[in-house]
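Each of the two complexes below includes chain A, the first together with chain B, the second together with chain C.
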Partner chain A sequence: MLGTYFTFPELLLWIPLITGVITLFLKNESQVKRFAFIASLLTLVVSVISLFFTDVAHHPNYFYYNNVSYLWMPYIGSSFSVGLDGMGFLLTFLTALSYPLIIATTFKREFKNAPAFFGLLLLSQAGIMGVFVATDALVFYFFWELALIPLYFLCSRWGAEKRIQATFKFFVYTFTGSLLMLVGILYVYLHTPQVSANSIHSFSISAFYNTVLSYGDQQWLFWLFFVAFAVKIPIWPFHTWQPFVYEQANYPSVMVLSAIMVKMGVFGMIRWLIPIFPEAVFTFNHLVIILSLIGLFYASFIAFVQSDLKRFVAWSSIAHLGLMAASIFVVNTSALQGVMVEMFNHGINILALWIVVDLIENSTGIKKINELGGLATKSPWLAFFLVIIALGNIALPLTNSFVSEFLMFNGIFVFNKWYAFVAIISIILSAGYMLRMVQLVFFGKESGAVENMKSINCSQFWILGILVAGILILGIYPEPVINLTKESVDSILKMVNR
Partner chain B sequence: MNVMNWILLIPLLPLAGCLINGLGRNQLSKRTVGVLGSLTIFISFCLSVAVFFETIKPGFSTKVINYFNFIKFENFLVPFNFQVDQLTAVYLLIITGIGFLIHVYSTGYMKEETNEGFGRYFSFLNLFVFSMLLLVLAGNYVIMYMGWEGVSLCSYLLIGFWFKDHANNDAAKKAFVMNRIGDAGFLLAIFWLYASFGTASYQPLYNSENGILTALTTLNTTDAIGISLLFFLGAAAKSAQIPLYTWLPDAMAGPTPVSALIHAATMVTAGIYLVARSNILYTLAPFTLHIIAIIGLATAIFAAIIALKQNDIKKVLAYSTVSQLGYMFLGLGVGAYSAAVFHVMTHAFFKGLLFLAAGSVIHAMSGEQNIYKMGGLSKKLGITYITFFIACLAIAGVPPFSGFFSKDEILSAAFASNPVYYVLGVAGALLTAFYMFRLLSLTFSGKFRGTHEQEHHLHESPPVMTWPLIILAILAVVGGFIGLPEVFGEHANVLGNFLSPIFSHSEHLLVKNTISHNTEIILMSVTAVLSIIVCLWAFNKYKNPSTDGESRKGLAGIIENKFYIDEIYDAVFVNPYRRVAYFFQNIVDVKVIDGVVNGVGRFVNYSSRQMRLLQSGLVGSYLLLMVIGMVILFIIQFFFK
Partner chain C sequence: MNAIILSAIWGVIMMFGGVIFKKRDTPLYWAIAGVSIILIANVLEFFGHPLLSFDSKDMLHFDKFTLHFNSIALICTLLYFLLSGRDIEKIGMHVSEYFCLIFFVLCGVFISSSFNTLLLFFLGIEIMSIPLYILTGSNKANLKGNEAALKYFLMGAFSTGLMLMGIALIYGGNPQGSFYITNINLGTGDLSPMIAAGLLLIVFSLSFKVSAAPFHFWAPDVYDGAPAVISSFMMTIVKVAGFVAFIRLFSISFGAMHGQWQSLIVIITAATLLIGNITAVFQQSVKRMLAYSSISHAGFMMLAIFALNDTAHEAIILYAAAYSIATIGLFAILIKMKDYSISGFNGLGKTQPLLGFTATIFLLSLAGIPLTAGFTAKFYVLMAALQTGQDVWLVILAVICAVIGVVYYFKVIQAIYFKEPEDNDNQNISVSSGFKLLLLITVGLIILLGILPNIVIDWLYY
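And then the complex of A and B:
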């Protein structure tokens, strides 16, 4: 069966789901960690193998065939259908790659109630995978929630003092968004054409794409979906939950949230929002782009004066995502291609950044930027990795983000010169805040507080090494990622411009 | 064997050196690191020489070598390609040649560093050479941009090489961020090129059949002006022109050989390379050329004035570099492209030499950089003194040293374009002569003014440091002869003739006034004589200074404080930025946005509490509400239908 259309998406879903449930019932902590790690490795192996069967990504029509694996609720026209296109391959690979690395960073850490922690972590992976492979609106919604619920628990039970408050905010924001989207999904569903004899309407993605919605309907439906995705990304001004949660939650959850989960928002916009409401997109695109650019600058400003390392990473991430959001709504080849590549690049860059921050806080107990200093003398390898990661974050050429930011800026320029003139200023600001952080944390004299900082050990070396290698390789030779996703870009643009 | 097949090795060897030195910095001995670092550059230099000989062969035409597609989808293509022509060949020789000398010099200069620091230093320096070579070898603007940012990065790493001192880190950060302002312009120019012409490769843009030349004569010139101005923004940041020059003097925080290589000889001339490379574009946008000429001239004079009152040996040289770069832009601005490249070359010789000699002085003075605490060093540091002296003559424009010819070529082109440019240019040149001989006099003649300990410790540098000085001094003397003015013969300007294929299209288009040979000879003599007089005056004036050089009052004080430009930038840009950031963080985010979010939460909470009262359980009130509701529905039904 290997290589057929359903195998991979199914496996990518079921492995984390089943192993996650099993993990909940394990007892011994080290056993739990090992099991979770092996489970996530297994997913990674499947994902890597799937990359050898990406031919389907080059036949985009295949994606919209009736690829039902089993009937789910035929009477309402929903079936459990999953599939992968180029964008899906890329994002499931990102997810599969991140989890083993995230779990590997936890090996030396103690967690209260480890089975629950790792079980929930794996369940969230299943949810995220589901979002990326779903080709049925109801399935998509189901997994969207499945991805969030484990994270609510993870963030509220393991973390810093104000975690409950932070998680509550996160919950209110995301849940409001989700509910609005559900209303939207149902409304669109009621307007879908009949595709099977069993029911009048259908939840399948192709039915959604073929739904004819009046311009007036599109205008308000657009916002129902938009808010759900904008909260996830987050687009300014829907962002205030993010720095708070990132500051309070535990590191593995934060890594999942920022490396992968924000991509759900971006993914949702590209897969569900833009193709279904193209006319509304062209009505509101200027508004959304302006909001995104405000977010880009707003976050860049705040990152520059941020004193908390975790909040700093959060703000820098919001800035990057502002650029991505603006590029999505530019809706042209260059910008969307850039967004595709950036989704992956941002994932590994921010993951690497979190791993470094995690290491620092764990060794020194400090996450205040001003209290740190001189770590480069204490841990030269960490400094070496961090500098490359920071350069990746500010999109220096020969690192991965250069390619994606170049394409995004170019896309914005093609759309409207003046937006590009404004947006490009962000590369100056990003250099400012990133280098400030590097300087205060790593350079200067050693502060007394960093005495406990040790040189990084072997496993940490490999974790960071893999990510840094990814940053450099994709910076020099980005073609594989571009080739993988360019058909997805084409098919989206075809739908928008139909 | 065709050397063009091996061209990839020219940048890759320094990259290999960077990796080996960087990764093995704790294992390898300093000797190995030094030899490896220098050797890779030397081999690159040999290959560059071979390339150069290839380009002077008759019948040589520009060579483009495609390696792979960096980015490709639909009709958007960024190839990874190299282009080799005469301009590239000249730059290759400068970069690898001077780069090699400075690597050798560094093995002596950085000897006191720890093993780890030594390896790191050579790794960064090799990486710099790699980036710079990528910059000049690139066959399109995107690849050039890679090198462009790469050299910024290396500059950042090397300025902040001694990273325990935050002053160095601040200088490094400032250099990087200010360069990024230019990078933003560079990127926008690339996007504009893609939007207008669908490509950013030189070959399709600048060929005469279907390139920009034919496209722009039919289109309007807005594109040419926009693109060329944006590229110039990049060039102005990298080459430290007004208003983006303030990073370069601060960049002196790095080790002195770094200042010589990056902040004098090579990286800062990348801006000139960019404009020279795009000369057709600039020729099509005369407006931009005027701007370049004015900014270049203003920078040349402004920086020269500041240099008059600087007391730090490296700061004087830094402002001098800014000023000389201004001259190169003046040359570009008046359309004398090859004269600008000529000045890049001679400047690389004498300014590289000045910095290395200054390094030798600082080395001897145990780190002292204040020239008022030096004096009389000529006795102990013979070789350094003589080479420094030669470099001063060259930069001051005393014939027949190299600087004379290159500066003269620029100035006579300026005269042809606008005599006012010429007069101001000569004034700047005289300022140059003055501050250089003030520097020479304060450092090397008169009595020693430092501490006894320093005097006891004074010594000439080891041969690895003096030999590069000697070689550069020879080049600073004879380097000018490859660009003799036409007065001396039909084909006297060898460099100009060599570079002419690059600039031929521009030559056809530019409307140039020519000046007669007699005028040229008069101009040359006037500048030469004036320069010599100023040199002698300054040298004698500062032989035995009576003050400690600090003047706190009046104009002198303002000049000494660099016209407070840094302070003004801080007050106008940096501090407001920080304040706005705090405003966003503390007011907008917490009070406004979160206020709304929490307000919504409170409203829901409050209203549900009120709504709860409605469910009182009393059947009577339910009935009442029902009746009221029905009445309202009827009213709506009747009156609004």
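And then the complex of A and C:
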């Protein structure tokens, strides 16, 4: 039925794309919001249904589910093919889950030129979905760029004073990375196995996985791909765009960027970097892990002294992603499994954190940590939620991040105990800066500036409630997420250790 | 052959039209009709029904590549006439003469794409250039235009001299003693000094014609000084015709000893890419910025000359279409503005939503963003260059230059959408709904080529 005529990867792609284009032509603001919300809910429903159709345990191949392929540019060996594996399911679900929540936070806000805003937002969702479902290198590249364009316009049009400059920096960074990756993709493509001497090469992911590249080639190709993903994640020293953009851009876009878009980088590394250049990965893994750990520390220390709430969240996000990047390059079962789970967990944690920051700035008009204080008395529910979210970010037991970070630390420890030792310190740092923020903003002396703060309303309660419930449930019962992605981890490791 | 004969005849018709036509707007209709007729005749010839022909002693040779390129050039010209035709009328008094010269240029374009001897090669390039010297200075009241025309003429004449010298040397050094490019058999060994010098001179003069560095110095001044409508034509159809002549001559005559002159092309390509892109970043006028950007696009097309394989031929065709359509579209909007500076575009997205949107798509295409024709064109060029398996650094340099390109194209996009409109009447322009529709069709073409580039390429193998 559903999976026969229209496969899930296609639906997940076309629904946001088509509704996004329609939204651009609507007129009335409240109508636009309602339409965008319903459209994103529809995507979520499809995504949830798709989860019931996963039969992860019984498939030997990497891509097994709903892999459809249309002829697109057959004469160069590219076809429009999309498919999902466990990791794809997880990330498309994260994307589908985040958008309704993000759109719901905007219900009480006024937007100049709302149709353009929500249309672009939905188009960015289509782009991101495309990245997660693409099983053809050229299709992947297309969506990789297309996810960026709507966000470029979103962040440049709506936001703080220096948004144009900030977003442009972001755009140039990522565009540089992706064009370098394009050269890499083309080079690998020209070395994919041919059936006979004159037959065409192929852009399909399986051809890429079967390509045998010389060690010398792998060494420089690795960096072409790496830079593209490292800018998105971002890994130190490619991170400099991030705090600036997060500070300047509008909240919904920042939520998309930090909850979902950075996962594109992590995802890209796992799917398109490690299995294609295994030898290079084992050459450069120490270097990359050291860079990630430097980033982890650097970001943690800066988060300690941040006075701006948005920049604070940005730096804490860089720290978490540093840990994830380090775990990817450890390349063992535990670490990769940890990264997969953490991709989802970090997504909902940071989304929840942004929603809280958004609420604070919108009610009080302040985003300086020092000027806030005593918000808990004004809004006890918000404080309650924030404490759980903060604990989730610190990765305390019973919260979702505990499971994933434990798996990652375990993996790093098996690889090299000194790296693990260094990484573990970061968890202490994260506890430090998170609790400092919670204390300064929500407790302590009540500052005059928080007069206008109201208790959260019903819809905000539900948005945060869903996310916090997710944090707690996945902390207690992480089994489903682990089961979903186990197959992906195994197949990647099989390819790396071939 | 249809296209060559008909465009020459139509040029003459338009010339006499200056005497016959009473109304100022008549020549445009005749020109549009002429281009359409030539296009139809060319398409018929493509499918094997030549209407007119004469025995050229095989001095002209028409293959799929040639005829297909001719169609693309004609479609672009048609688009150019439809979008900017009314602005050609505004240059000055002699409306039908402008169209007449454009038809003569087209005749040169078709010879440049079909020559089979060095003599016809020379003639084609010259027939293409000489009317352009006149068109550049067609606005006689404009001192900048006059300066540009004189500069272009002097430099052009000089490069013509180089080209003739090169042809003479190649002829003299060719053991076959023939002007036919298929008979230039120079072996694969080391080049004799005479051949090497001849080759060098031809590379230099062709680099001049396609404004590749370090022979690009005329380009910004000429493109900036000439009337904007004429720059639009020169930057697109004429320039890509230069590339088609380039790749035709070099793949047929000198393809066998590719390795010996490839390093020269590498240097020219790298220099063109860097100079074009970096200088464009600092321009304040959109027109001058586009002049430099046309140099940078010449750099990308030079990559195809560097590669010189089958993909390179596909890439040149695709690039010709993608680059010409986007530039013609952007110029059509630019010409309507009174102020060509970047700040003149401030808030265009608000005051003229459709013009702002279409200009944005054209700029995105020039910058090479996926889903636009510019991306597929760049993609093919890069693929062709990578297929050679050498000088990968050149490809990486090219993509870095593409990023620099984003910087100046996006300056205009930022002005269109993220800046407030200024209090001048720069954007207080009225455009007809037909013009808007045409712009949308142009955008549609760009997106179509961005998704399905094979609709252009497949014809090469028809």
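By our rule, the second predicted complex is superposed on the first by the 478 of 498 C-alpha atoms of A that agree within 3 Å, B and C clash if a C-alpha of one lies under 4 Å from a C-alpha of the other, contacts with A are read in each partner's own complex, and residues count from 1 in each chain.
One rule holds for everything that comes next: a contact is a pair of C-beta atoms (placed from the backbone, for glycine too) under 8 Å apart; a residue touches a chain by one contact, two chains touch by 3 or more.
Since we're looking at a predicted model, the values are computed, not measured.
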item	value
Which superposed partner A:Y75 touches (first chain B, second chain C, both, neither)	second
Which of chain B and chain C A:Y141 touches, first, second, both or neither	second
Touching partner for A:V403 - first (chain B), second (chain C), both, neither	first
Partner chain in contact with A:V172 - chain B first, chain C second, else both or neither	both
Shared contact residues on chain A - chain B and chain C	172
List of chain C residues in touch with chain A within their complex	364, 369-371, 375, 379, 382-383, 386-387, 389, 392, 395-396, 399-400, 402-403, 406-407, 410, 414, 417-418, 452-454, 457-458
Sites on chain B touched by chain A in the complex	68-74, 76, 116, 142, 145-146, 148-150, 153, 156, 160, 163-166, 169-170, 172-173, 176-177, 180-181, 183-184, 187-188, 190-192, 194-195, 577-578, 580-582, 584-585, 588-589, 593-594, 597, 601
Complex interface listing, chain A residues touching chain B	169, 172-173, 237, 239-240, 298, 301-302, 304-306, 333-334, 337, 374, 376-377, 380, 391, 396-398, 402-403, 406-407, 409-410, 413-414, 417, 420-421, 424-425, 427-428, 431-432, 435-436, 439, 442-445, 477-479, 482, 486, 489-490
Residue ranges of chain A in contact with chain C within the complex	73, 75-76, 141-142, 145-146, 149, 153, 156-157, 164, 168, 171-172, 175-176, 179-180, 182-183, 186-187, 189-190, 224
